Amino acid sequence: MRENKLKTLWKNGGVAVNGWLGIPSSASAESMARCGWDSVVVDMQHGLVDYTDAVPMLQAISQTEATPMVRVPWNMPDIIMKSLDAGAYGIVCPMINTPAECEEFIQNCRYAPRGRRSFGPIRAVMYGGSDYWKYANETILTIAMIETQQALDNLDAILKVPGLDSIYVGPSDLGLSLGFQPGPDPTTPKVAEAIKFIVDTAKQHKIPAGIHCAAPAWAREMIGLGYQLVTLGNDNSLMMGAARAAIAATREGAAAPAQKPGSLY
Amino acid sequence: MRENKLKTLWKNGGVAVNGWLGIPSSASAESMARCGWDSVVVDMQHGLVDYTDAVPMLQAISQTEATPMVRVPWNMPDIIMKSLDAGAYGIVCPMINTPAECEEFIQNCRYAPRGRRSFGPIRAVMYGGSDYWKYANETILTIAMIETQQALDNLDAILKVPGLDSIYVGPSDLGLSLGFQPGPDPTTPKVAEAIKFIVDTAKQHKIPAGIHCAAPAWAREMIGLGYQLVTLGNDNSLMMGAARAAIAATREGAAAPAQKPGSLY
Amino acid sequence: MRENKLKTLWKNGGVAVNGWLGIPSSASAESMARCGWDSVVVDMQHGLVDYTDAVPMLQAISQTEATPMVRVPWNMPDIIMKSLDAGAYGIVCPMINTPAECEEFIQNCRYAPRGRRSFGPIRAVMYGGSDYWKYANETILTIAMIETQQALDNLDAILKVPGLDSIYVGPSDLGLSLGFQPGPDPTTPKVAEAIKFIVDTAKQHKIPAGIHCAAPAWAREMIGLGYQLVTLGNDNSLMMGAARAAIAATREGAAAPAQKPGSLY
Amino acid sequence: MRENKLKTLWKNGGVAVNGWLGIPSSASAESMARCGWDSVVVDMQHGLVDYTDAVPMLQAISQTEATPMVRVPWNMPDIIMKSLDAGAYGIVCPMINTPAECEEFIQNCRYAPRGRRSFGPIRAVMYGGSDYWKYANETILTIAMIETQQALDNLDAILKVPGLDSIYVGPSDLGLSLGFQPGPDPTTPKVAEAIKFIVDTAKQHKIPAGIHCAAPAWAREMIGLGYQLVTLGNDNSLMMGAARAAIAATREGAAAPAQKPGSLY
Amino acid sequence: MRENKLKTLWKNGGVAVNGWLGIPSSASAESMARCGWDSVVVDMQHGLVDYTDAVPMLQAISQTEATPMVRVPWNMPDIIMKSLDAGAYGIVCPMINTPAECEEFIQNCRYAPRGRRSFGPIRAVMYGGSDYWKYANETILTIAMIETQQALDNLDAILKVPGLDSIYVGPSDLGLSLGFQPGPDPTTPKVAEAIKFIVDTAKQHKIPAGIHCAAPAWAREMIGLGYQLVTLGNDNSLMMGAARAAIAATREGAAAPAQKPGSLY
Amino acid sequence: MRENKLKTLWKNGGVAVNGWLGIPSSASAESMARCGWDSVVVDMQHGLVDYTDAVPMLQAISQTEATPMVRVPWNMPDIIMKSLDAGAYGIVCPMINTPAECEEFIQNCRYAPRGRRSFGPIRAVMYGGSDYWKYANETILTIAMIETQQALDNLDAILKVPGLDSIYVGPSDLGLSLGFQPGPDPTTPKVAEAIKFIVDTAKQHKIPAGIHCAAPAWAREMIGLGYQLVTLGNDNSLMMGAARAAIAATREGAAAPAQKPGSLY
């Protein structure tokens, strides 16, 4: 079975720079995947992407060295299993707030005896190889999103669920849940503290943690905290940021204004 | 944040004439949205529409004055949140039969602390404005469908769920549930009685009620009863009704036969 | 090979009531095709339909008794041959103004030795039958649009081109070409005269003529003149006409206003 | 309402040869449906098919004599009801492991009073007929997949759930669940024994059973055991098998190698 | 008819900053159109966009203040007329090298008596208004690309063709034609000279000229030369440029490297 | 620039086994491309494929070792250049009957100074590499179809056109043009003779010739004659052939009947 490079990178203590795809197009997916990301995530939750769009996007990404992953819209067996069958090498699952939810998530991702994933890896064998059935459980990454107060309260128990490979922080939802305005790269002390708490706790469990970032500077801070995967905005926010900067530079003749390459969410 | 015109209309005691879209095409969606409806609903339940189709339909509608809404296929967090992120200004949710189901529905539509909606309004900020995060909870309409005997029994409790903005009657399912043949514009006494009971009860809670109609005459009756939103068939039934009438008028040379602009469902 | 019912109808002196599809959706195509039309035309010229949309539309139509046809965007070999391979049983070709253009059109539609159509009826054999190759030249309808002053001048010569099965009048373009405002069901004497001239000339050549209409009343007039195919608006205009009428009847409580079931084009 | 030919076939003690569609295309769906299958299943679980793709596939199939069915990705009301509204004449539901799950499945497929299916058969009335509402509950097939040890343990109770029309064996998942390698046409004694147990138990309940096969020889064995529906691989595995055989025969000049027309899943 | 803001801007001596869309998605089209461009061009020549994609892109753009235009793949009547019917307010046509080609281009864009455009503005009336037929010829922009030595030789004659509204320089093709490497923002003296020659000649004919640019600095130079429309790369190059810069800034910790917001073509 | 493996194979005297794609789906395209073909052709002429479908198909193919090519629907600049920009490494062009047509074909495929191809290889640089502009003219294959009596008459002159890389025989059209029934693997002496004549003449010009075949046995004969590329049916015919064989073997219990892996065209 084809190696999961992101897993190997993490095993070696490396940090992944991760791309995020919210535009439902295999054309933009290929363009993004060719930019040098270690991994890319097709976002079926907040991106404008549904399964019909995701399949050719995964095919387009699979031409490149970037590890293809999917963020599913919710912790549900149908879309998790469909995404895996289509060749996703990792599933990012939103709103894992309790160990029971995490257990259900893992079971949706794993074949028996560990889980209840149904067998039929129609495209996954093409990307992964004919021995996919044998190594899938240990190769595919399960990544639970930690993004509420409840998840913070249960963090230790969640991290103990067997088969959980990684966690991922959604700062906007985390901020909202803690009572603050949503937004990227939060500096509110309580939120910042939670972000530090999450990675510290994960390290105790030897589980690599990732986080959604906007500005490279903030991503570097997160790496400094110990995060091993940083996402930089998404296709849409990068495009819009660059477009607005170029328009402003042309209209105003000023130097390209300091552009925050990432948007509100 | 952009005003929700339907909400304003209701606040002023007005009645909305609502269009319904079951054809999965942004072309027909734009045509319908330009006909003068106060609001239009992309029907992801009984229409042949899935999320991949719904996104360009919502974009097409957003060119016009009609308030864009979505009927989701079921009370589930994934599709409700995806529809909201795509810019729906109202969610019509089928089969709300108990206050617990209604509470779950509201939570799927609202950000913390009221609900569990995850943050990432990728297109919603484009349609709604950059302060969307702040006003979404009070701007987006939650519309629960009342269409079973069980819902009638629980109506009072359902209407008390905080955050419920409106209810909507599906006469076919209501008829079926009460033991009669499904169909539009029902005149069976027991169903008619239920339809009156629903709007009367809603009025006691100061909650505007809507109903699916076929013929304009029946819609006017419903307005007479106090309904503040009436849907007139759907894109498909209007097209087929007009086509059949035009064919008959051409073939038979008769005056266009009295055409019931709406179909069985 | 499956019979071409429209051809048979014409042979027996019958008149076809024809539907017109401009919405790029197999869902609306099926709905229209089930309304009782003798034939339906997928409009790749002024409809919002391209080949990717047309294929499933033709499949949807092929469930019904209506003869499936395509209006191509221009007299070009690529799209004419692709439409035929996809199973169209007739091609309506715009802007045939000279016998040379007509000859080219026929050659695009016919296999050797009559024409230059390339062989590969991938879906056409499924709809037509395995002996398609043998009978296609005599079964598939070639329908040239007559819609300019130049075409009027050359009408006799155009009608003499071997293999031409029918002609079709586009009243809006004809009106424009003669110096008047475009629009359906024209009553301007010069345009009306041309419309009569066309059908009279066609009759002399024993070639059935068709015409695009909006109102059934006008279609009946055209049948009176001898036209053997009348189109009634299109999917979009029928839908919008019905929607506007239903809205008005609901809002104003008036009887459904006299509705012209067809739009400007 | 249009007859369900598969149901009639079973009633007469016949055996259905069933096609399986995992390629999300109405073009390949039509090609497959025209090959002579008694029924075909659009696979929304392990196929690369989502609802947006399934609608034109069902339209394409409906041109033919094959009974159109859908395998849904999971036992969920949204996709089951949407598939039925789009005209599926049977639902294959994966992972029915308990009578409670089976009961929920049946309720998702049936109108009141038996179930909770919501009314709006937008395309189903086109395929089924205008009295669809009346006969749908007794015409549409409900087919529960038996594919785990737990389902074996509960088989008797599952088969007693009123309204269950048929069961269907997924040998790969069954093998996995029993502790063996997944794969088609299993000969492992314990799995083979389970396969025999299932059909024998079903016969006691007079419920026809089906099974997924790869090689025709194995399908014939299954028919010998009493299975009344056998699926032969899927569109994708048939195409790939034939392609590989043709390439090998061309390259090696050998006779076409014995080809196993079906793949791993 | 809705005003053509780009035409008005030019009439007032203004300069348009123009966006360019090569990603076939209505989602990215909306995002780009909301960035503040004066106009945006859907690129059906070198973009990965075909007509099926272009229709919802034009709908998405039409929500905004940006003037929607299309670059057609070649000077052909079918796609030019289809693009106009879909609501394009300007056509950019590649490779206009002679006055005869320019005349043909204009005829493809204009209704009789000036041209041969066929009448059927199915979506154009929705965007433009019901008097579209009357004002289209004077409202829709015709923009001929000047990008070869032959075009330079014929520039004067091309600019005299009645109905030509603007010209547009493709620097890569121009460079290739003059014998140099293709690429954006060329500084090769011979190419730079040609670029100056073009705008100077256009000014003599009082025809506004546009040019494809990559860097804002170069666009400002072009404005200095008198160009009245400057395009800044395209959606794809802006996205990739921003992604690569963000990755580099994260990996290397360096300041975001000087990014050339535009790619090779 | 990425090597063109097919060109290299031919240079070394090798024979290519070529796959053919008529199903408009990136899913089936990937499946086919993974079967071991040396090259695959996306058929935009007789396949049900348009440009919108072709782009993700080319992306899917590009994951594999098979050289991606496109058969265009006709010798036209728009679709040839669009296909090249999308990453096709070879263009198969139907109906090249004269040296003038061949010259026009070559010019559509080549950048200046050899041709008139416009510059903008948006996806081609991703597949080919950033020096694409420099080596494209010598890397991309131009393959002219020889399939009429006229082409036979002009064969020598056609083969002399500079820049022509290969020719390709369409036996069905050739048969039709010579006055026989179309069909694969023709044995009619006059057609067989022409097929031999073509490859012999090509050899004199040192130009590799290819031919469309159905049965592997016939393909081997063609290789024996000196053909250096043989196509084996297409995705659709392979799938249908295998499906029919499997159904027959199941129903009749006979050995799988001798199956002709390819259909009429």
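Here the chain labels run A, B, C, D, E and F in written order, and each chain numbers its own residues starting at 1.
The rule we apply is simple: a residue touches a chain if its C-beta (ideal position, glycine included) is under 8 Å from a C-beta of that chain, and two chains touch if they have at least 3 such contacts.
Quick caveat, the model's predicted, so the values are computed rather than measured.
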Starting at chain D, figure out the least number of steps needed to reach chain E through touching chains. 2
Looking at chain pairs A-E and A-F, which one is connected by more C-beta pairs in contact? A-E
Mind checking the centre-to-centre distance between chain D and chain F? Centres are C-alpha means, answer in whole Å. 37
On a C-alpha centroid basis, what's the spacing between chain B and chain E, in Å? 41
Can you list the residues of chain B that touch 2 or more other chains? 22, 24, 27, 31, 34, 48, 50, 52, 55, 76, 79, 123, 236
Checked against the stated definition, the touching pairs are A-B, A-D, A-E, A-F, B-C, B-D, B-E, C-D, C-E, C-F, D-F, E-F
Within their complex, state which residues of chain F touch chain D. 17, 19, 22-25, 27-28, 31-32, 34-37, 48, 216-217, 219-220, 223, 230, 232-233, 235-236, 238-247, 249-251, 253, 256, 261
Going by the contact rule set out above, which residues of chain F touch chain C in the complex? 22, 24, 45-48, 50, 52-53, 73-74, 76, 79, 94-95, 147-148, 170, 172-173, 176-177, 179, 181-182, 236, 264-265
Applying the document's contact rule, which stretches of chain F touch chain E when the two form their complex? 50-52, 55, 76-79, 81-82, 85-86, 111-113, 116, 118-123, 125, 130, 133-134
Contact residues on chain D for chain C in the complex? 26-27, 30-31, 34, 55-56, 59-60, 62-63, 123, 126
